[in-house]
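Chain IDs A, B, C, D and E follow the sequence of writing; residue 1 opens each chain.
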Amino acid sequence: MEIFGVPGALLGSQLLVGLINGSFYAILSLGLAIIFGLLNIINFSHGAQYMMGAFVAWIALNKLGVNYWVALLFAPIVIGALGVVIERTMLRKLYKLDHLYGLLLTFGLALIFEGVFRDQYGISGQSYPVPELLQGGVNIGFMFLPIYRAWVVVAALTVCFATWFIIEKTKLGAYLRAGTENPQMVQALGINVPLLITFTYGFGVALAAFAGVLAAPIYQVSPLMGSNLIIVVFAVVVIGGMGSIMGSILTGLGLGLIEGLTRVFYPEASAVVVFVIMVIVLLVRPAGLFGKA
Amino acid sequence: QISDNTVKVGVLTDMSGTYSDLAGAGAVLATEMAIADFIAEAKPAFKVEMVSADHQNKADIASNKAREWFEREGVDTATELVTTSTALAVMKVAKEMNRVALMSGPASTPITNEQCNDVTVHYTYDTYALANGTAKAVTQQGGDTWFFLTADYAFGQALEKDSSAVVIANGGKVLGSVRHPFPAADFSSFLLQAQASGAKIIGLANAGADTTNAIKQAAEFGITPKQSLAGLLMFISDVHSLGLQATQGMYLTTGFYWDLDDDTRAWSKRFFEKQKRMPTMVQAGQYSSVLHYLRAVQATGTDEAGKVMAHMKATPIKDFFGKNGRIREDGRMVHDMYLAQVKTPAESKYPWDYYNIRQTIPAEEAFQPLAQSRCPLVKK
Amino acid sequence: MNNPNSMFARALPILFGVLFLIGLVAPFAVYPTFLMKILCFGLFACAFNLLLGFAGLLSFGHAAFLGSAGYVCGMLVRDVGVTPEVGIIGGTLAAGALGWLFGMLAIRRTGIYFAMITLALSQMVYFVVLQWKATGGEDGLQGVPRGHLFGIIDLSDNIAMYYLVFAVFCIGFFIIYRAIHSPFGQILKAIRENEPRAMSLGYDVAKFKLLAFVLSAALAGMAGATKTLVFQLASLTDVHWHTSGEVVLMTLLGGLGTVLGPLVGAATIVSLQTELADSVGSWVTVIMGVIFVVCVLLFRRGIVGELQALIHRAGIR
Amino acid sequence: MAGETPLSEYILETRGLTKEFKGFVAVSGVDLKVEKGHIHALIGPNGAGKTTVFNLLTKFLPPTSGSILFEGRDITREAPALTARRGMVRSFQISATFPNLTVRENVRIGLQRKLGTEFHFWRSVKSLNVLDDEAMALLEAVDLTQFADTVTAEMPYGRKRALEIATTLALDPTMLLLDEPTQGMGNEDIARVVELIRKVSAKRSILMVEHNLSVVANLCDRITVLTHGSVLAEGSYAEVSKNPKVLEAYVGSDDMSDAHH
Amino acid sequence: MTSAFTPRPEMLRIQDLHAYYGESHILHGINLKVARGECVTLLGRNGAGRSTTLKSVLGLVSRRTGSIMVNGREVITEPTHRMAHYGIGYVPEERAIFASLSTEENLMLPPQVASGAMSVDEIYGMFPNLYERRSSPGSKLSGGEQQMLAMARVLRTGAKLLLLDEITEGLAPVIVKKLGEIIVELKSRGFTIVLVEQNFRFAAPLADRHYVLEHGEIIATINADELPGKMDWLHQTLGV
């Protein structure tokens, strides 16, 4: 079977690969969406925090002998804690101001993080082995699916939907959503909003670090691994609708698929296709696919 | 005869970006070593100084800096210049100011073809030599069907074009290619297309992080070892960062390997002591080119570009790097290149023991023949 | 009159005069190419500031105008063989036209959505520049001759080139200054302050934003075209989103919504990039990062903004 | 009076005006007629749809069905700015000024349009100084002369309302739409604004939403009472205040004056 | 001074309260006390500082000095989110409805800080409009519906000291009347109420005492029984 001259099996495998990439987009854009939605901060250092997640895993493995599974928990905690410090010492001062300042501050932080890691570890990056349990792959008929990639999809989707559930369906989530709008009033109702916000930022950052650990065995762990990703992830968040949790998850997955298809039909354009989609979406639906106008 | 009685060497390189590991600080160190060795050996009557700057892989920064160096700081030669766009920009400034440009970092062949000029030396390698070395050897050894994974920009396309020609000339077939955006992180889609093509060899016409990620993911998807990868532009720094597990068995062409003979080992040890890494061919080439330049200045007693260039071209290069080296009229420095195969982890006995040298490609065969040159300087 | 605002307003022409004189003699004290770079980016940032600082629109794709004008100018001068001033005008018009196109698509959106549409559109421009043969792709458009101004004055002389750049800057700066202090600028300010109200007073808000956008794009293009002549090349860097980000930083560092701030910001960043890159090597990005963080946390009004506030306070006392 | 009579004595007319929000009908089939030169009030319990009607009239929302006629012309689908230029101008429920401009500049923004130079980015701002006399006259009318050079943000709330009205008057509108013009004001300010409205109503028609019935009783020629999106009653204050349905739905007692502040 | 003899315990006592927004000094030493079960009003012209007084109690100003005692406990150093736990409920003048939450979610949101909180059903009984619009997002409510919701929301917390800022603003007379009844009922249930009002007709019959503010200072304290005698003065000062 062929579709536009492309064998069906190849198309199938491309879609699957697209889904895998989509999982990364989903989990990264989810973190961004949470931070934007609840703090009104455009977290430009998200890419750097993703990178640091991967590096923490690498350092843990090579310097401390900590294995992948522990790192999967450990790295988000470490980087999340760093996020908490950043929020407490810096971001806190910016909430009343325009988004622009949050964006600039986190941009500056990204420069610092990337610069320091580059200086310490060079640019070419480090290899992180696939954990033993997940090595190899299975032949699923139309393609060879590395087990590790299958794991990535499962892990990412689980985390995404758990997060969505917490924010949309629990009381804690309701506080968060209300706190986004009018923190003073939520405080007046007796809720410790500053703590909530700190926790939220830490959590968003931890999500980035989690994605970083997931990515470590696939990509080279390198200081710039996040800097090119970040702009695409922004686009995902915008297409989904800023601040919409489900929007960013679904859009992340969907864009992964579309990008995968572009790589077959017009590979040169695969880097730009998400922006084309973004323009079209925003022209038709000004607040993004899932955003509230 | 020598302005200010000082010869100033400018190292314009990527200190912080994608190429900072293969050039960068290591290239600055190599320059310092070259200057120190030159002073020790020649006891020149003039002073030799070095300045360095980060061009951040941006052509405008590079040209701006080069211009400033030439105009304000009396720099006599701009060197290294990894990334073709910066190289092209600087060689024009050098021509305008009549200074010498020594290029050990950049890869593209236009430097010695359409864009060539008489103050530029392209020193270490170029895409033609790499394609020629790797593609030819691999095809001849039975890897006769190819599929290219090409970085979608001028350099990648040139590499693909040159390699395809070599493959076909040696009786092989090119089954297809896919152009990926530059830079890219995820190659699985492209690799799957390469896999679907059924080609024996997947040629990686890209560089740096793109190459390393592609190699890593090829292993992950079970593409290697069923199909083989040929890195068309790989440096020892890439092998080092990927590790032998992922790269074992790959063919690559290099202008230099630290563990080749006693001379290379001696120099590389000195380099290693300072940099804690073994030198790449760019860094070794940088040393060699600067030394060659300084010797020419000493010999001619001037820093005027024309005279120095004439002497450099007239004098064969014989050092640990430039085996059978000479600079042709198009500015191409030709020297022996090596076809290397990456060792298996078991074969590797000590740190940085990465390559088996399979073949020495003689200087005259390694590079694009003058007859094919499109450089106006070449009289036909 | 002790009103510090009016004191400031009266001091401004004097300040401009002094700066103009400094600009005239500067190339004899400072390296002209460096100055030219500052002026080009200064104009770019001023044009950007017209949009962000005075119309409240954050464009995250302004590099598209800088870059495309640069390429157009470069191709006109190099491949068509026109004189430099025609190249600059051509580049400016091209950027203005592109700005109109961008504006038509983006102007009805606000805030972060506006920023993102402009970013997306500029990424497409980047893609075109990368793919199109005529632009030289990754290698950039190299070897653009500076040529002879009006066919007479040889611009390969740095000093001559400098005065052209200086003149372009002054023209651009004047246009921006005028636009801010014009009937149009007044409405723009009103729109930024309270858009629904401006609409209810009968002003077609979208048209004003569009005009501001086109003006800003054209002036950014003017900077880009001039820059191409100065460096004799146009490269992908000019259309990359990093450049779009950089101009935001320049404007903020100098002082958002101040007349001179963007120039000061551009000068600071350009000098930092050139000077630091030589002295601290790979730490330059870290240092830049630290500067932004410190700026955002401590000097939010930017250099010029803080100075103004200082004078203001002194004036009150 | 041959063919030259206006088509109707109504300056503003709606026919079957309806607005649905996802199944919820906020305004249903409202026929509203505002006579030339009248001050017409729109009152009704909370959520009756008053603000929605206003938003429909000023094009901030598109109607689901029905039409709007202004001076006999169907303006249902016109752009908001165009409607404003036709002479129908609104004020907002929440004070709408340009906070960082001075009071004089605020008024000038309103005046500026008739110069036709609003797109002239090459012209000096001094070219607007010709408007200063007129601006001061308007400020005089609302008693804000001494604030002319104050930055608007620094003014007390009540004065901002006055400024807003002055800016609106600068357009010399034939019809004013006022959404709760006295909301959030102290009684002193209310009295001032009532006077102001009376003063400016001389050559104009006014439609206002107002909860303060003493204001309504004082000012309005005609009153339309809205509940649940449709018209419950219409008439003069005297008529409406005796209507038992109105008393029940809106006042909640049998004496309208109970509802005066 | 009849109330001085009533032995009711003190719920709120403010002494020498100064408050600032950024650089501007708004309150210049406010002193007032409210006993449990009392209703007092703060009167004054626009900008007199009535809202600011309420905000200062909650810590929603940039800086404040002086003393604020709630139930005999000094709270001026406490962060805002602790205040609810001392039994303070606040209805701000801008209503502060959570636009992205539905009416019902708005009502469900407040954590219960004390016993005696009203159930959602009780609330709906009190405000039938809210029941009708229970699933609309807060942003889609009419001005008056938002006002009702803001009032209802604070009753959900179980707070016993209510700070109410212009709650009748923009409400139809029917609802204003209803609110009056609600306040009377709340008083009878032992709630303590501080009311900021423009609508003097509404406030006068409810309050035990009136504080008149001007320029951030209390210029007069009028007990309910003194009111008739002070009407003229009030008219003059407030323009009532």
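Going forward, contacts are C-beta pairs under 8 Å (C-beta built on N, C-alpha and C of every residue); 3 or more make two chains touch, one makes a residue touch a chain.
Keep in mind that what you see is a predicted model, and the values were worked out from it rather than measured.
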Using C-alpha centres only, name the chain that sits farthest from subunit C. E
Between the Cα centroids of subunit A and subunit E the separation in whole angstrom comes to 44
CA centre of subunit B versus CA centre of subunit E: separation in Å? 77
Separation of the C-alpha centres, subunit A versus subunit B, in whole Å, is 36
Per the centroid of Cα atoms for each chain, what is the distance between subunit C and subunit E, given in Å? 52
At least two partner chains per residue is the criterion; list those residues in subunit B. 16, 20, 24, 152
Counting only residues that touch at least two other chains, what does the list for subunit E look like? none
Two or more other chains in contact with one residue: find those residues in subunit D. none
Which chain pairs here would you call touching? A-B, A-C, A-E, B-C, C-D, D-E
Residues of subunit A defined as touching subunit C within the complex: 42, 90, 93-94, 97, 99-101, 104-105, 107-116, 118-119, 231, 234-235, 238, 242, 268-269, 271-272, 275-276, 278-279, 282-283, 286-288
Could you list, by residue number, the parts of subunit D that touch subunit E in their complex? 21, 24, 43-52, 93, 156-158, 180, 183-189, 191, 211, 213, 249-253, 258-261
Applying the document's contact rule, which stretches of subunit E touch subunit A when the two form their complex? 58, 60, 79-85, 90, 92, 96, 98-101, 105, 108-111, 113, 153-154, 157
Residues of subunit C touching subunit B in the complex: 31, 33-34, 37, 130-131, 136-140, 142-143, 156, 158, 227, 231-233, 235-238, 273-274, 277-278, 281-282, 284-285
Which residues of subunit B touch subunit A once you look at their complex with the stated criterion? 16-22, 24, 152, 178-181, 183-186, 188-190, 192-193, 196, 208-209, 212-213, 216-217, 220-222, 237-238, 240-243, 245-246
